[in-house]
Each structure stands twice: as structure tokens, then as C-alpha cells.
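Just below sit the structures, each encoded as C-alpha cells.
Each of the next two complexes has chain A plus one more chain, namely chain B in the first and chain C in the second.
Presenting the complex of A and B:
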């Protein structure tokens, strides 16, 4: 097997909460509690989970937007944090991000050409003419007429804006795209256009993706590997087909049971356990899912299970049987 | 009703039209919409942004934001005409006969009163009851919507409880007067999927107990499928297809509905390519001539651009607004 393009080892991030008089520390949000994952060249890893699970924090750590408290990010085997200036710059250039909100993520004062050229300018790629050519090329790739390059973000629909954001990410010829819920802000009929575009780009250019989503159907459609997150932990990690065929962690099963199925008839009662995701400020002892888990045993209340099991790994004291 | 042959539907909307005057011209947000919902039944209204689904709900509740106004339409609740009533009468109807829940519970909950006090107030609004009785009723409602430890949650303020619990509190408030009709506008859209599933389950359960009619609005066909008996698909201010839920998902007839259902990624479809709908929802001031979907429709020809197709029955309960529907 080839070496991973990017691997995360023991990523750990707690955000301090300030409160009260003089902004004293009032606790901390346990956003990432030591997670490991790897992304291979040309493959897609999906991080899936509900709010507060840490998937966005993980994406931001990979993109270099936040610094993890502990743990390492290796790009082509080199630690991004301690790499030499040149290595670090080329790693940053090779990882580009697409955000959820195509309204907030494009600078309204810049025209489309300037937005898409920005990463080229930042990384000092090409001269003026070469940049113009590159911008026109990536705009055409994402289905935006390069002649519209002089226009401003507000003149475009949400779907077109997301295409522009994708063009910006593609401009510096990255090897990994970090996409944080890139479909969530779009209308249903536009989501499939953007999803197809991402799949086409991946097929054409062999790009790797770190794909952050809450939607398991999108995961099944787009991902090669899946990591299911709950309260800052990866609770199950597996190749896509294995995860959907035989989910072993009860939380993965719960997520699958909760996903609405068009044409599946009315929701049958009892498929989803009661209760809500506990606060990441004060997570429960033991397995974070045990207060809601229909399979919890006494060990679950005491010790956090370790993620183990090779290709199909899960962190559970009492896993679902293999069907 | 002593010798009623057929009970009137819980909610009946006839030929509803809503106009928003803008500087660039009048926007026809809802362009002649009719439907009825029987007692204990749920109509799911599905559409993308700008389809008119939320404006339809706001018009029914008499809550259209200015400068929007109804230019035609009659609305009956349990057989009684409620459209055209004055503000005071409409406020009473909203409290007693129509309950409402929204995507964002903070639009319905007052941040400066405790959750329990607000439910108690909603409950006692149309009853002659003492404070203790109202408190007991509110506690029972909190328990009914499965908020754990109701007596401890009663005094919490809305910001102190989770988004899922706020949604439950809003449902409790909407149910306080045992309404005949519950209007639910994207009530699960801001929630996580496991909480969404719990809320849908709760609404189905309460409906089977109380027998109210539900008008459930969503952009999410999966959610609609999980709760609705009948489904209306809206596009550019019109209902383009209307059918019993199972029929709609099994044999959709309008090209827009067919495309919408086909474009949703679903578990088990990894190796297929999603059929995408080209183009985008047209701006309400720049609709194509004739059928509003004609500029995105693979079947459209010159006939489609001549006139807006009317919603017509295609055998029993299935109605479609498409002159090509039979060909599909």
C-alpha cells in the first residue's frame, strides 16, 4: 500500500471557556480528545458526526487554521509543525479548504478573478499572465464562464458561489481538498450538481478529500473511508462499504437509523434512542455515548474504550454483532 | 355536528395568492394554491427556497410579513372561514385552533420568561383556570413532549436548554390549546439527525393521540417521507404535483418531482452518478413564459412555454401540473 498523503496522530484540542468577572477560565470545550486518521492520495476520508463531535475542529486543524494542543500532522511523512519553511509552505499549498457557507467565505469586495487568484498570489505562483490563464482554466473546470470573472460574488447564486470557492481551492494545484459541509447551505437541486462536480474533479485530477459532513447518504456516495465522530473521539473508522454493511459501534447504527429515507414510509418508533449529545464542556466519564447507548454495560460507564481493530476499527466495549 | 354527512376538513385552502410589492415589480410569491387536510392527516409541502412553501403557511396563520398581502384565497378551519378576519379574531384562532412551530424556536419563545411559565400562559389563555392548575398542565405538557425532569426544567429560561429541548418546549406551547391544525415550518431543519428523528417520532405519536391535522413544510424529501400522508410539491409559487406520499415516491409524474427524488444521494448508491437538475430556481420576477419549470425541464417544448399548466387530476388522488406528464 502506498504511504498516506496526510496522517493525523493523536490530535488533541481543548478550547478554554472564559466567563465571569475578568474573563477567568470557566472550563474548557473538549473538542478533540486525541484522534488518529490517515488520508491516501486520490482517496476521500469522510468525517461524519453531529454538532459538537469535533469534525470541524479536526478539519480546521488539518487546514492549519487552528493549532492543536497536542498531536502531529504529517504531510507526506513530514511533521507540518516542525518542517522547514519550504516544506511547510508546500504542504500548506497542497491542502486547500472549501467552507460550508459560500456567502461568508468569498470576499464581497473582490471580483471573481481576484478571489480565485488569491492563493496563487499568497504562494507566489506564476506571474500576472500565468495567473490569469490559471484562473480562467479553473473557472471553466467548475462550470463558471471565465468571462464572468470581472463580476462580484453577490451577482452569483449560492451554487455558483460554491463553484467559485471550489475554483479558488483548485487554483494552486492542491493534492488535498478539505471540504467542510460544502453542500449544507445549498438547495437540494444544486447539491447534486456540486457533488457531481467534486466527484468529477477527483476522478480527473486524483485529488484526495477530507470531507466533513453530517449526512450519511452523502458519505456513502462520496467517501472511500469513513470516520464516525462523537464528542471529540473517533468511535468507528472503516472502509465505506464495510461501515455501511456492518456498523459495529452502536452510535454508527443510531446515525444510520436516524437518517431519513425518501420513499421509506413513515418513521417507525423506537429506532433512535432517547437523549441528546452531552455537552463537550462536561463530557460523561467512560464512553461518551454510554448515557444514550442501548448496549451499554458497566465497563462503558468507567473506561473509554480504545479504537482498535485494524482496517475496520471501533471503540466499543460491547459492539454490535456482525450481521 | 349532529347530522353531518361528511365532516369538513381540518384545514382547507382555496386559490391562495400572495403578492409582495417590490421596487422592481410585484412578486407573486404564492400563485393560486389549493389543498385540504383531513383530521389526523399530515400534508407535507416540499420545495426549494423561493417555492412559496413558507409564505403559504404564513398566509394561513394570518402572519404574512409586510408588505406581503393575500390577493385571493379563502381559508377554512374545521369548516369555518378564517381568512379576512380582523387581527383580534385571528389572534384567537391562532391560540385556539391553529398551533405553530418553526425552524427557530426562539421566534416563538420569549427569552425573558421561563419555559414553564410560557407554556402555562399559553394553556390558560383561553381557559378560566388558576395558577396552580396552569402550572400542573404545563408540567404535564413538558412531560408529554419528553423533556426530562419537567419540574426542574419548568423554571429554566429558553437559553438554558438545548436546541432540541427548545423545539420540544415550542411543541408543548403549540399543543397547549389542543389545536385542530398544527403548522410546522422546517421544525427539524436546524437539528442534528438523531434529534430530528426523535422530534418526528414525537409529532407522529402526539398526532395519533390528539388527532390534529399537520401541515409540515420542509425542503427535505426524506423528512417529508417520514411524516406525511400526502405530499404537495411546490415550485415557483405553485403546487406542481400532489399525491399520497407512497404514490409520489413510487411514481412521481412531474419532471421536477422526478428530478428532485432522483438527485438525492442515498445510502447504497455509491457507484451511480447523481442525475442533476440543470440551472437554478428562477427569480420570481424573471419566470420563463408558460410553465415555470420549462427552462430546466428535459421534456419542455414550445407548448410548455405557451401557458402555465393547471394542476389536473390523473386518476383518484394524484394531481399534476404538466402537459407532458402522461408522456413521462
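Presenting the complex of A and C:
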């Protein structure tokens, strides 16, 4: 296999919680507890998990919006989490982000041309005419009429806005797109259009994707590799087909079983994990999933299992049997 | 991609859009006309002097408190000076000081508010305590001290320090130094909320630096409070100038400003009410017009506002 485009090694991020008088440290949110993953050129890694599991924090750490407390983020072998100056800037150019809410991620005071041209301006790519051409080109690619470039975001629907956000991400010719739940704010009918657009773009340009989602149907359609997150840990990481065919971690299995599928029918037994997600402020000792896990053994309460197993890695003391 | 519905109306340039929205706001348009008329009339003060054959500062005690006549359309004041010409000259000073000081304080307040709101933390605490400090300072003693500063001591040539224009600039500086606090607080508050919006994150993820984020992404989204506060403060500044003039620290008689005409006529309010009425009415009209103007500009600047 070739070298990964981006690899995260042991990313940690804890957010301090301040409270009381004089901003005393009242505790911390364990958002990322040492996660590892890698993304290969032209391939898609989907990061899945419930709300609050640290998916978005991971995406923002990769996008350089959050500085991880510990760990390395290697882009083409260079650590970008701690880099500064030119290395950092060129990495920023090569990694563009698409956000969840297309109503919030476009500046309402800028017209579409200015929004899409922004990464070009920031990175000093081309002159005025070249930028205009490039903006028209990417707008056409995402299915927005370049003649509408003078318009403002509020004149577009949610799906069109997300296309504009995608055009902005494509403008500086990135190698990796970080998409943080790019579909969940859209209507179901629009979701498939935007998803197909992303797939077409990936096929046409060989882009790599870090795709954050909680929609397993999307993962099944779009992802090459899948990493399942739970309370700031990656609990299972595998090629898509292997994960869907034979989930080894009990959490992955319940997640897959809970997903609604076309055709309906009854939920399979064990679909809903018992209890609630524990608080990331005070995570349980040992495996974070053990309080809800149907297969928990005594070791789960004491030691955190380590993610291991090569291509299909999982972190479990008592994994699901291979069917 | 055939499934894309294009918005129907043709796209418009920013300026055309702004002008059309502004024109839809009747009161704002009327206010703009009023203000332009006042400014034009004030600019034409020497012409009025020449037409009427009077001078703004020539005293003629034989015609004190003259009623309106052809020679003196608004009558004369307690020293027999023509009221109309003095009002026009006063308008020059009051409008110039009002607008210049309001703009200067808006610039100071915007910079301080943006820095405090965007960077937060210690810088925010420092700047906001400074703002609190300026608000807490007793205004009058401070103004008296500032107005009493001998400009020759800070290195200005003597003839320049006595120039009446310099006293105008001095007014603007003094007023701007004490009145930026409102804008600073408003901008800080608005910046705190805009900073958390996703498009700011998107710009940061692109690699935009703090200067670009503040100038391109935050500032355009906080102009509404700035415009409203600035237009409101034009009125306050005109009044502040009149207070200073009343204390003998602002625009010095015989040079007229609406403020010192108003305060100079205080004891004559029963015997010669027109001397109070006209400057008061002009200050009132100016303040109101600026408020409507700010209102209209706020609506017109917001691209999401529904065109009526």
C-alpha cells in the first residue's frame, strides 16, 4: 500500500470546564482520548459515532481549528499540528473543510464569487482574472450557474448553499476534503444529490475524504474505510465491507443493528444499547462502553482495550465472534 | 445537473441593491434630503451673508431683538446680529464637529471592540476595564482639563495653537476620546456572537489570519450596531459641544455654533423665545434625521432584509 496522505497518531484533546468564582477549573471534557487513523490518497475514511463522541473535534483538529493537546497529525509525512509558517499554510491549502450547516458556513455579507474565491485570495493563488475563471469553473462543477455568482447566500436553498460550500472547498485544488456531517442539515431528497456530487468529484479528481457522519447508509455508499468512535476513542477501524459484514466490537454491532433499513421490518434484537452514553466529563474506567455492553467481562471494567488487529482493528476484550 | 433551480430575479450589484433598499425607506430618504439641505445651506453661509448685506459677527445694539424683516429674515439676537446668518455659520461648526467626532469615536470604538471580542481573554479584560474606566470618569472635570491643555506645551507652534480651526479639531479629539465607549461595547458584544459562526471557522480552516477574519468576516456582520450607535451619537456630540461651549471651553464666541447659540440664549427664553427656538429646532431636526438615516442604512445594508 502507498503512504497515507494524512495520518493521525495518538490525538488527545481535553477541553477544560470552567465554573464557579474566578473561572476555577471544574473538570474537563475528554473529547479525544488518543485516536489513530490514516487516510490514503483518493480514498474516503468515514468517522462514525453517536453525538458527542468526538467526531467533530477530530475533524476540527485535522482542519487546524483546534490544536490537539498531544499526538501528531502527519500530512505527507510532515507534522502539521505543530507546524508553523509555510508548512502550515500549504497544508491548510491542501485540506479544505465542508461544514454541517450551509446556513451558517457562508458569510451572509459576501456574494458567492467572493465566498468561493476566498481560499484563492488567502493563499495568493492566481490574479484577479485567473481567480474569476477558477470560481466559475468550480461553480459549474458543483451545479451552480456561474451567472449567479453575484448573488448572496440567502438567495439560495440549503442544498445550493452546500454546493457553494463544496465549490469553496474545491477552489484551491485540495487533496483532502474534511466533511463534517455535510448532509445532516439537508432535506433527504437533497442529501442524495449532494452525496452523488461528492462521489462524482472524488471520482473525477482523486480526492481523499474525511467524512464525519452518523448515517450508516451514507457510510455504506460512500466510504472505503470506516472508523467507529465512542467517547473519544476509536473502537473499531476496518474496510467498509469487512465492517458491515462482520463487526467485531459490540458497539459497532449495536450501531449497525440500530440503523433503519429500507424495507422496514422489525429491529433485530439487541439493536438498542442499554442505557445512555456516559458523560465525557467523567468517563468510566476501563473500556468506555462497558456499562452498556452486553458482552462485558470483568477485564472491561479495569483496563482499556487497545486498538489492534491490522486492517480490521478493534478495541475489545471480548469481541463478537466472526460469523 | 439539471435539477438546479435558479433564483428568478436578475442579480444586482451591491451598490444598486443598497440604493434601492434605501430609497424604499421613505423616512430615511426624507432625512437624507433634510441633512443634505442643512449641509448645503451651512456651506452657503457666506453667500447668505453677501445677499443680505450683513456679517455674522457685526454687533449693532440699536437693533437688538429685532423682529423678522426683509433685512433680517429671522430677526436679530441680543447683540443685534443677524440670526439667520449665525444659524447657518453655526450649522457649519455643529455639523462638522458632530459628524467628525462621531466618526472618530466610531473608528476607535470599532477597533477596540473588535480586538476585545475576537481575541478575548486577557486583552478583552484589559480593554473592557479601560472602557469601564472611561465611562466611570466624571465627564465634566475631564473635559475641562482636556480643553485647558495648552497646545503650545505639546509642541504646537503658537500661531497654530490660537487658530480657531485648531479649537475645532481639539473639540473633535476631546469628544471622540470620551464617546467611543458605546460603540466599543456594542461591537465587542456583536463580535463575540459572530466569532462563533461557522463561516468564521470556515475562513480559519482555509488559513485566513486574524486580520482578514476581523476585516472580511466579522466587521461586515457587525456594521448594523456601529451605524446605529454612530448616527445616534451625532446628536449627542452636537449636544456635548453645546455643553462645552456653555462652559466656555468649546467653540468660543463670537464664532457661532448651534450649541453656544442655544446656551447663550438661555436667560432670554421668556423675552426672546425665537433665539432658543431656532438653534434648538435645528439640533432636534438634525438628531432625528440622523436617527432615521441610521435606521434606513441598517435595513439597506442587510442583504437578508425583505424588500418592501
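As a convention for this text, the second predicted complex is superposed on the first by the 314 of 323 C-alpha atoms of A that agree within 3 Å, B and C clash if a C-alpha of one lies under 4 Å from a C-alpha of the other, contacts with A are read in each partner's own complex, and residues count from 1 in each chain.
One rule holds in what follows: a residue touches a chain if its C-beta (ideal position, glycine included) is under 8 Å from a C-beta of that chain, and two chains touch if they have at least 3 such contacts.
Computed from a predicted structure; not experimentally measured.
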Touched partner set for A:277, first chain B, second chain C, both or neither: first
Contacts of A:193 with chain B and chain C, given as first, second, both or neither: both
Touching partner for A:145 - first (chain B), second (chain C), both, neither: second
First, second, both or neither for A:254, with chain B first and chain C second: first
First, second, both or neither for A:318, with chain B first and chain C second: neither
Which superposed partner A:240 touches (first chain B, second chain C, both, neither): first
Partner chain in contact with A:218 - chain B first, chain C second, else both or neither: first
Chain B versus chain C as contact partner of A:104, first or second or both or neither: second
Partner chain in contact with A:123 - chain B first, chain C second, else both or neither: second
Interface residues of chain A shared between complexes with chain B and chain C: 157, 160, 193
For the chain A and chain C complex, residues of the former touching the latter: 60, 63-65, 88-89, 92-93, 96-97, 99-101, 104-111, 118-119, 122-123, 143-145, 147-152, 154-157, 160, 165, 168, 172, 178, 193
Partner chain A, residues of chain C touching it in the complex: 1, 3-7, 11-14, 197-199, 201-208, 212, 216-217, 220-221, 303-304
Residues of chain A touching chain B in the complex: 50-51, 157, 159-160, 187-193, 195-196, 199, 214-218, 220-222, 240-241, 244, 254-267, 269-274, 276-277
Residues on chain B engaged by chain A in the complex (per definition of touch): 48-49, 146, 162, 164-165, 192-198, 200-201, 204-205, 219-227, 245-246, 249-250, 259-261, 263-270, 273-278, 280-281
